[in-house]
Structures are given as structure tokens and as C-alpha cells.
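Please find the structures below.
In the two complexes that follow, chain A is the common piece, with chain B as its partner first and chain C second.
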Partner chain A sequence: MRLLIVDDSSIMRRIIEKNLKDYDIEIIGMAPDGASAVKIVKEEKPDVVTLDITMPGMDGLACLDEIMLMHPKCKVMIITALSDKLTGLRALDKGARGFLYKPVNADDLAKAFDRLLKRNENKQSGV
Partner chain B sequence: MRILYDLPIRTKFAVVLVPLIVIIICFDYIQIKHNYLDYDDSQRLNKTILLGVEINHAVHELQKERSISVGFLTNDGEDFSQALLHQRHVTDSTLERFYEELDRLDLKGIFAIHANDVELLNSNFSTINSIRQKVDRRVLDPIQILEYFSDIDEVALNTVDQLINETRDKDIAQQVHALIYFLKAKERASIERAIGTHAFSLSEIDDETYSSFTALVAEQEAYTDAFLIIADEASKGVYNNLVTGHDVNEVDRLRSVLHLRDNFNQDPGYWYEMTTSKINALKRVEDSISQRLLSRTEYLARTAFQKFWTFIVLDIIIGILAMWLMSIIVTNLLANVKILERFTIRISKGDLSKKVFIATKDEIGQYAKTFNVMVDEIVKSHNILRKERDKAKFLYNNIYRVSLVVFQNIHQGIFLLDRNFKMSKLYSKSMEKIFGLSKISGENFANFMRPLIIPRDLEALEMFMRHLFNEDMDEDVVNQLNPIEQVKIYSETDGIVTTKYIRVNFTRIWRRDRIANIMVTVSDETESVLLQKHLEDAEKKKKQETEQVLSILKIDPSLIRGFLYNAKRTLKGISERYEANKDRDLKALLDFTFETIHNLKGNAVVIGLDIMSEKFHEVEEAIESLKLKEVTGKDFLTILYEIDDADKMIDEMSSMLRKVADIYRKYPSGGHVVSNIMLIDNLERSVKLLSDKMDKPVDFFFKNESNLVLPNEHIDAFRDIMIQLIRNSVKHGIEDRETRTSLGKLIRGTISIELDQPKDQRFEICYMDDGRGLDVIRVKQRAVQSGILTEFEAEKLTHDQVINLIYEKGFSTATEVDENAGRGRGMNLVKTLIEEMNGTFTTTFEEGKYFKLIINLPISGIVEDQSKEHETTDS
Partner chain C sequence: MKTSKAEFDATCSLFINSVNNYFRHLTEIDSELNVPYIKQSEGLMLKDYTGMIGISGNRKGFVYISANRIMYEDLIKIFIGIDDPSEEDILDMAGEISNVVAGNVRANLGANFMISVPVVFQGMPSKLKIPEDVSIYVIPIVWNNHEAFVVIGLQ
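Our next item is the complex of A and B:
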């Protein structure tokens, strides 16, 4: 499982990285904004991307559009501080598979990833 | 072996018991057969002996007839004719007896074996008559006659031998042989008699006869010896007793005469008589032996017969007993096994209605008990299961009715959404109550919610429902984005619009791999939300009050009182200006309001009254937001509202301040010393606060504090005076660092308060700072600017009059109005307070050096108070 972490806060990036250490997840990169995230996705084609919504320059939703266009199989998990439900639902519309509110703790993150990956397995076995 | 293991129990029993019974029966059969054979043997022997005895009688008589016949022929029939007739008659009668016996005895079995012997004997006996005719006609010589008869006798004796010589009993066999030897010896004795009779009749003996005679005697002796060897003691005894005496000795004497062949002048009759006597004795011995044999065989037959029947009876008894025991055990055991078998078959068919009853206490009885317990348990579990099943069945059959009942009574709103977001026709009664509607159904849920929620939430709801029905989306992920998890709705009941807070939750209902419906639950949380808000408000208010109290306790009351007094007046000034409405320029009015409030905020900050500075900050913010746009008269209402709120807060603070002061008054703690320390501490803190604020380091000295004896009601006034003076000194009197350095002064300024020893009911307070003193010209200018007097009047003022100017109402030397000074109230307040206490004051200064104020206050009230206190304590 290859993961890209996209968040403009370096603390947040580190929190996500630290909490996923015990899982069988390879972190292939971290991006502080949408534009660099799109670049990494294009080159590395990660399996999973955690994506912040509020970011300087290209925001999360625009970035999600780009990711889905280039790499539709990518599982995107939105991790945001925005409490606005409509934005979250729009992200799901655009193809996000997971959703998490900040601040995140290890437990929430583990559960969210379990759900995301289990769903993935189910789908594969169903095919 | 395996086959044996697998057999049914009954067959196993048969396998074990049947061979055992067969063995017992076989053994018994052998026993019975053996005894039967013994019986049969003895019976047969008994009969043959009886027959043999008759034959022997006949032989005995034939022997006599033979001897008489020989004598008759030898003497030419004179001596023996009578005897011969008689003898023939006797012989015939014995033969008749033999035939009678032969007929009488049931000898079919014996006859089968010895038929030939008996046949031969009969043919020999039938020759007797022809022999007799030959004797009567004297056609034969005596020796021939002897031989004829001897042949018959031989056959007869052989027949006897054949008849009795077959027995299973050893003793009897021996005695039978003894008897046979004895009979042969007797036959030899009889022939000896015949030859002797012949020889004595002729008074000579030819050589042939002599040799046969000696051989005969030798044979006789040998047979007798053989008899004596094998015969039992009883037979020997009988022989020794009977064959003895004179006649026997005479026979021996005459026999030796014959042996010698020289003296034959002996009476043949005498020989015959003697030998007959001896032979009769032998006959009696023979009869005795025969009799004993008979009784012996009879005994044996009887015993064997008894044994035979005993065994048969025993067999029958044992058989019956064995059968009886076996039948008891087998019937009992097998019957119980059979009962258990039937029972288990019944259970296997599902019939648990009956119990098994086995009376025995053996293993099977125990099994039966265990079985019953098991069956009880099964029946119990069965009953529980059946009840559960019935319940489930009932629920299943009545699910619609039950749901109706549930839906009528449940406090939550519940309904189902189909894939077209249509609301189900079945919904809980509470739905109508929550939404204030009389009928809900079949409507699209988004349309249903449209008038109740804001458009943004509605848009989110539509998207949310779409994702809910998407099987690829995780339910928990989607539910995190529920836009109406808690939402404020506006509903109309009886024409009255009410606001409600509702919680709406969504749960997927799967049918196979597809989401068939979404179950929606709606709960009315208005009360709890309102309660929550109420609690939050109360909490906030409580916090505010606490802060108010704390800030009051923390800060010098005189400072607060001054501030509150000032603030209230300032706010009133704003309101008055608004009401007067003389300013057409709304923008300028707004600026004025902002500045005034900003100053109040600054003052609150200086004295550390955070709660008020926060409040003024809020007012500032409200004004700030208005500044950005075109101001209308209506906008001032908000500001007025805010100002009114701040005014209320000031009133609250004032009343609380009074309460606190009352508490201090009612419960004076530690008298003057304590209040002095508190007072000095307050002043020190004020100096520190102001000097930090102005960035002017100031040292504060309070000298002779023990001389401070003021009535309690004057302490506050005293503190207020001092604080005003300190503020004035720090703000105006003491120069900033640079100025002091350039003037050659110490950077740290000094403020000192010195108390004199009270005298004549008064005491003096000397306040002094080392600041710039008073700038007389500038004071005059400010007084003119403040509109207190004209320039002309100012020119004429004396030095002292100039000093008094600073105590005038509205005078301020500060160029800018700031939170610390400049409101033109400072020194006027000092003057007012001193005068209120009936005090006097003198101001002295040296420009650029110092400012000094000496206050003289009366202490009469204190003395009175103290004497009063003493009186109370003394009494």
C-alpha cells in the first residue's frame, strides 16, 4: 500500500505519518499543496492519498479532480478541519472514498484506514 | 470375532448359553446311557443265568441218566432198569422246565444273539429219545452211549458258557468263569461216575477206557483247581463245606482202586451211590454259586435301574432349574433391553411424551434413569425452543400489526426511504408531532425538508442521500457528512411558527448485496438543545459575575469607584449627545463615540479591570464594523444597545462594589494595621502599574505608616486622593528617562508619602514627587484653553492663584486625553475629597525639582470612635 500525504501543515503531515507507522503502508511522499500533490500522483501513482481541503493555491477539491482524472483507481481520504458538510459531500461526489475530521487521533486514523482498505479488498474479491 | 461383537444381545446370549446346555445334556445322556447299559446288562445276565440254571439242572439229570444207562447196558439191564425208567422221567421233567423257562423269559434280545446256540441245544436235546430207543434195544455198547450223552452235555454246557459269558462287570465275569470251570469239573466227575460204574459192573477196564478215565480225572482236578483259584471266598467256603466227608473219601478210595486196575470186586451200585452223593454235593455248590450270581445281577440291575432313573430325574430337575434361571435373567435383562430399545426408537422418532420405567437397579435401570433425565432436559430445551419459535412465528405473522403498534407509541420519528428518496407510507406517529403535520407519506424526502431547512443544507441532503444509497461507499464515512444530524427547523403548529432542533439519523437496510432502504430516525432535541444553550448562558453569566467579584477584590476599590463614576458619566455624555441629535455628521458622531469608548477601555486596562475593558472592546468592535460602510441613523441603535449593556454592567459593578465594601465594614479585619497594610499595598501596586504603563521607573516610599489613624469611612477617600496624586505625578510630574538624564536627575523617579505625628486632633500628610513641579506659564495657557478663565484674567493671577488653577473643575495639562489622565478631573477630585473630610491643603513646588502637597486632616472622629470602642470593651 503506497501512500501520499497532502496537507499544508507540516505538523499535520507528521501526525499522519507517525500514526501510520505500525501499518503495512509505505509513505511515498508528502505534499504541502495541491499542485505538488498532482505532480507526485502523476509520477508515482500512489494507491492511497490523504488530502486536505483548505490549502494555498490549488485547493483539495481541485486537486481531487486532477487526481481522479489521472489515476481513477486511487483511494482518496479527505482529512479536513472544515465542518461544512456540503464540501465533504462534494468531495465524495468527485470520487473520495474516505473522510475524516481534524483534529485526528491515532484511533480515528486507524479505523478510517481499515475501512478504506477493507472496502478495497471486498471489491477485489467480488470481482 | 468382529461378527460376535456386532451380534444383538439376544443372539450373544444364545451363543454363550446354547453350547453350554448342549454340553450338559450330552454329559447327562452319556451318564444315562451308561446306567441304562448297566441295567440292561445286569437284566440280561440275570435272565441268561436263570436260563443257564435250568440247562444245568437238565445236564445234571442227563448225567445221571447217562451213568444209569451205562450201568444198565453193562449189567444187561437187570440192576438199572427200574432206576433208568425213573431217571428218564426226572430228566424229561427238567427238560420241560427248561422249555417252560425259555418260553416264560422274554428272551427276544438274548435270543437274537444266542439263537444258533439255543437252536443247536434244542436239536441235541431232541436226539435224546433216539438214544434212549437204542439203549432199550441194546444196539449200542456202553461207551458209545457215554459218548452220545457226553456230546449233548458238552453242547449244553457250551450254550451255558455262551449265554453267561458276556458281562460288563468284572467281578461277575470272574465268578461266571469260576462257575463255568466248576461246571466242567462237575461234568468230568459225572463222566468219571459213568466210567466207574461201567468198570465196576464189568470188574475190568480196558486200556482205552483206562486212559480216558485217568485223563478225565486229571481234567476234573485241573478244572477244580482253576475254580478254586478264581472263585471268591464265599464260593470256596461253600465248596469246602459241602464237598467233604465220608462219601467224598469213598469216591477217592474207589478212584484209586480203579487206578490200580487190580481189585474190581466192588459193588458198582456202591460206586454209583458214593459218586452220586459227591456230585449232588457239587450240584448244591453249583446251585449256591448260581443263586449268588443271580442275586448279584439282580442287585446290579436294580442299582443301575435306580441310577438310571435318578439321573433322568436329576437331569429333568437341573434342566428345569437352568431353564427357569435363564428365563428369569434373560427375560428380565432382555425385556429391559427391549424396553430401552423401544424407548430409544420412540425418541429417535421424536416422541418425547413418555418416560421409560425400569424397576431394576442394575446398569440398565441406571441408564433408564439417566435417559429420563436426558429426556427431561431435551423436553425443557425443546419447550424453550418452541416458545422462541412460536414467538418468532407470532412476530413474523404479526410484524405489520406489531410495527403499527410500535409506530403508534414510539417517541422517535421513524420511516423508510426507498431508492427514489420517497418516504414510506408506514411511519411512526411521532413524525406528525415533530413536524406538525397531519399526514406524511409518499413524498420525496428532500421536497419534504425543503421548507424546513436552509438551501445549503438541502443541497447537501440531496447529495448525502445519493451517497447513502451507493453500495460502494462506506456507511460510516457517509454518515460523518450527515448535514441534518442536528438541524434547526421552522415548523408551524396551529398557525404559530416555532423553532425546533431535530436530530436525523440514517441507517442502511441491506437485502442481499443491495441497499433496499434507508431507515430514518428523527428525534426532537429542542428541549435539550435549549437547555444546553440556557446552561451555557448561565455558565457565562456566572463566570462574568465571578470575574466581577474577583476584579473588585483584586483592585483598589477607590480606583474602581473612580473609574466607574467616570465611565458612567462619560457614557451618559454619549447618550445625551445622541439624544440632542445636534450632529448632522453621523460619521463624526461615530468617530467621537469610538474615541470615547476607546479611552474608557484604556482606563479599564490601567486599573486592571479586565471584564470592563473586554466589554468596551466589544463595543469598539461593533463601531468598527459600522465604520466600514455607509452609516445610517438606524445603525446607531446597535451602538446604543451595546452602550446600554455596558452601562448596566457598570451599575452591576457599582452595586457589587458596595456589597463588598459593606462586608468589609461589617467585619473589620484586624483594625488599622491590616487596613493600613492593604492601603499601602494598593498604593504601591498603583505606582507600579502606572510607572510600567508609562515606562517611567518610580520608587515609592510610604513613611511613618503607623501614624495613619483615619476613621474607616475616610480610608477610601484618603486612598482616592493619594491615587489621584500618584497618577498626576507619574503622568505629568516625573519626566521620561531621556529628560531626567539630560537634567542630571536619577532615572528612577521618587514619590514619597510621609505621615506626621497627629496633634490637636489633626494630622498632616506630606505628599511629594521629584518631578518637574508646575510650569506656571503652561498652567495658565491650559486654563485659558479649557475655558476656565480669560487670557486677561490669567495675566493678573498671583503665584498661589496659579497653583489653585490646577484644582479647578475641567482643568487638565495633558495634551491628549488618554486612559491615565487628561479628563480634567484629577486634581479637582483631590480638592473635593479633602474638603469633604474638612481637611485643608497647601501646595508647594520648585519648577524642575519637586511637587509637594501637604494635607491637614482632622482625626476627631477617630478618637471618639476609639473611646467608644474602649467603653464597650470595658463594660
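Our next item is the complex of A and C:
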């Protein structure tokens, strides 16, 4: 599984990277904003994107729209501090497959990726 | 600017819960809160590094968290295992804490409590425009023996 990590915080990008080391995941890139992420998605077609919402320039929700247009099979997991229900619902409505509220620890990431990978396996095996 | 006691208590309570949750969830070390107060005098309460979030929508103003370098170093060590973070890492950490603490308040205040991307700085910046018509609440906190300030300025 090929992953793109999108967050304007370099610490946050490295937290996600560090905590996914034990998974069978190839991190194909990291982006600090929506515009950079769209460019990487267009070129690399990652399987999964972790996507922050509050970022400079193109925010995560606008970026999600672009990703869904270019690469609708991409599984986007939103990881954001914006913990109101409306933002979560909007993201899911736009096509996000998962949603995590910051602060996110190793356990939160593991559970979210376990769910995502299990869904992927089930889909591949026709379950 | 005059603030009702109920409004002061309610606003401080939201941010206190958000700060407590941040440290407990990520570090398993609780933060200790000292008595919040309304800042009456001129000037800002600043430590070495500050992450500031602009607030717009239903409420207007700002929130910032300011702490000394050692607190951010400890957090970065816990999060990614780096012993000697760069200046950029410290500023990034300051911005990310402020972003998460302010963003989590939206669970109670809703999506119309809009937050900006963080502005981060070291020391006292020469160009920092603080709106005059805001009530400034100061919440002193201690995490892992490091003192920090959560400062909320809201219309």
C-alpha cells in the first residue's frame, strides 16, 4: 500500500510516519499543503492519503475534492484538529474513508489503519 | 473590555479541557492548571516560543500557547524521539499544539468558530497586531514541570 502524508506540521508528518513503520506501507511522499498534495497524487496515484484540513493555501477539504476527481479510488483518511461534527460529515460526504481527530497517538493511528487495511483486504477477497 | 463571570468561566473551561486532553492523550502526563485570570494591563504574556491562532466566524480574536524551548523539546522527544530538534521543529511544535487546542474547542462551539493556520514566533515579535476590543484571558499551565501560558483574546 502506497501512502501520501499531508499536513502543514512537519512534526505531525513525522509522527504519522514513525507510527506506521510496522505496517506494510510504502510512504511515497509528504506534503505540507493541499496544492503540493494534489501534484503528488496526480503523479504518483497513492492508495491512501492522510490529510490534514487546516493548511495554508488550499485546505484539506478543497484538496479532498481534487483528489476525488483525479483519483476516486484513493482512500483518504482525514486527520484534523477540527473536532466539530459538521466538518467530519462534510469530509465523509466528499469521499473521505476515515476520520481521526487530533491529538492522535500511536494507538489511534494503529486502529484507524487496521480498519482501513482490513476493509481493503475484505474488498480484494470479495468479503 | 468587560466580561461576565459566566462567560469567562465557560470560555476558560473549554480551553482547559482541550489543553488537558492534549497532554494526557499524547504524553500520559497530566497538565496542572493554575487559576485563570483576566489580563488588565498592557503587553502580552510570552515565553520563548509562541504559536498563535486567529479566530473568526461567530467569535473574533486569537488564542495562543507560549512556552519555553525545553517544553517543546520534551514533547518532540516523546513524539518522534529526536534529542536535538531544530529551530524549525520547535516553532512547528508550538504551532501544532495551538492548532490542536483551538481546533478541539470546535467540538463545543461548532464549525462557526473558525481558526487560522498558526502564526509562530520566538520572543516578542516587533510586528504583532493585537485587536484592542478583546477580553484577554490567561490560563497558566504546568506540564512536566514546564510552565506555559494559554492566552485567549476574544471579542
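As a working rule, the second predicted complex is superposed on the first by the 126 of 127 C-alpha atoms of A that agree within 3 Å, B and C clash if a C-alpha of one lies under 4 Å from a C-alpha of the other, contacts with A are read in each partner's own complex, and residues count from 1 in each chain.
Quick note on the criterion: a contact is a pair of C-beta atoms (placed from the backbone, for glycine too) under 8 Å apart; a residue touches a chain by one contact, two chains touch by 3 or more.
Small disclaimer: the values here were computed from a predicted structure and weren't measured.
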{"item": "Comparing the two partners chain B and chain C, which touches a greater set of residues in chain A", "value": "C"}
{"item": "Partner chain in contact with A:115 - chain B first, chain C second, else both or neither", "value": "first"}
{"item": "Touched partner set for A:93, first chain B, second chain C, both or neither", "value": "first"}
{"item": "Which of chain B and chain C A:101 touches, first, second, both or neither", "value": "both"}
{"item": "Which of chain B and chain C A:46 touches, first, second, both or neither", "value": "neither"}
{"item": "Contacts of A:14 with chain B and chain C, given as first, second, both or neither", "value": "second"}
{"item": "Chain B versus chain C as contact partner of A:80, first or second or both or neither", "value": "second"}
{"item": "Chain B versus chain C as contact partner of A:56, first or second or both or neither", "value": "second"}
{"item": "First (chain B), second (chain C), both or neither touched by A:34", "value": "neither"}
{"item": "On chain A, the residue positions that both chain B and chain C contact, one per complex", "value": "86, 101"}
{"item": "Residues on chain A engaged by chain B in the complex (per definition of touch)", "value": "85-86, 88-90, 92-93, 97-101, 112, 115-116, 119, 123"}
{"item": "Residue ranges of chain B touching chain A (in the complex, touch as defined)", "value": "456-457, 459-460, 463-464, 467, 472-474, 476-478, 480-483"}
{"item": "Touch list for chain A against partner chain C, complex", "value": "8-12, 14-15, 18, 54-56, 80-84, 86-87, 101-103, 105"}
{"item": "Chain C - residues contacting chain A, complex", "value": "21-22, 25-26, 76, 79-81, 88-89, 92-93, 95-96, 99-104, 106-107, 109-111, 113, 115-117"}
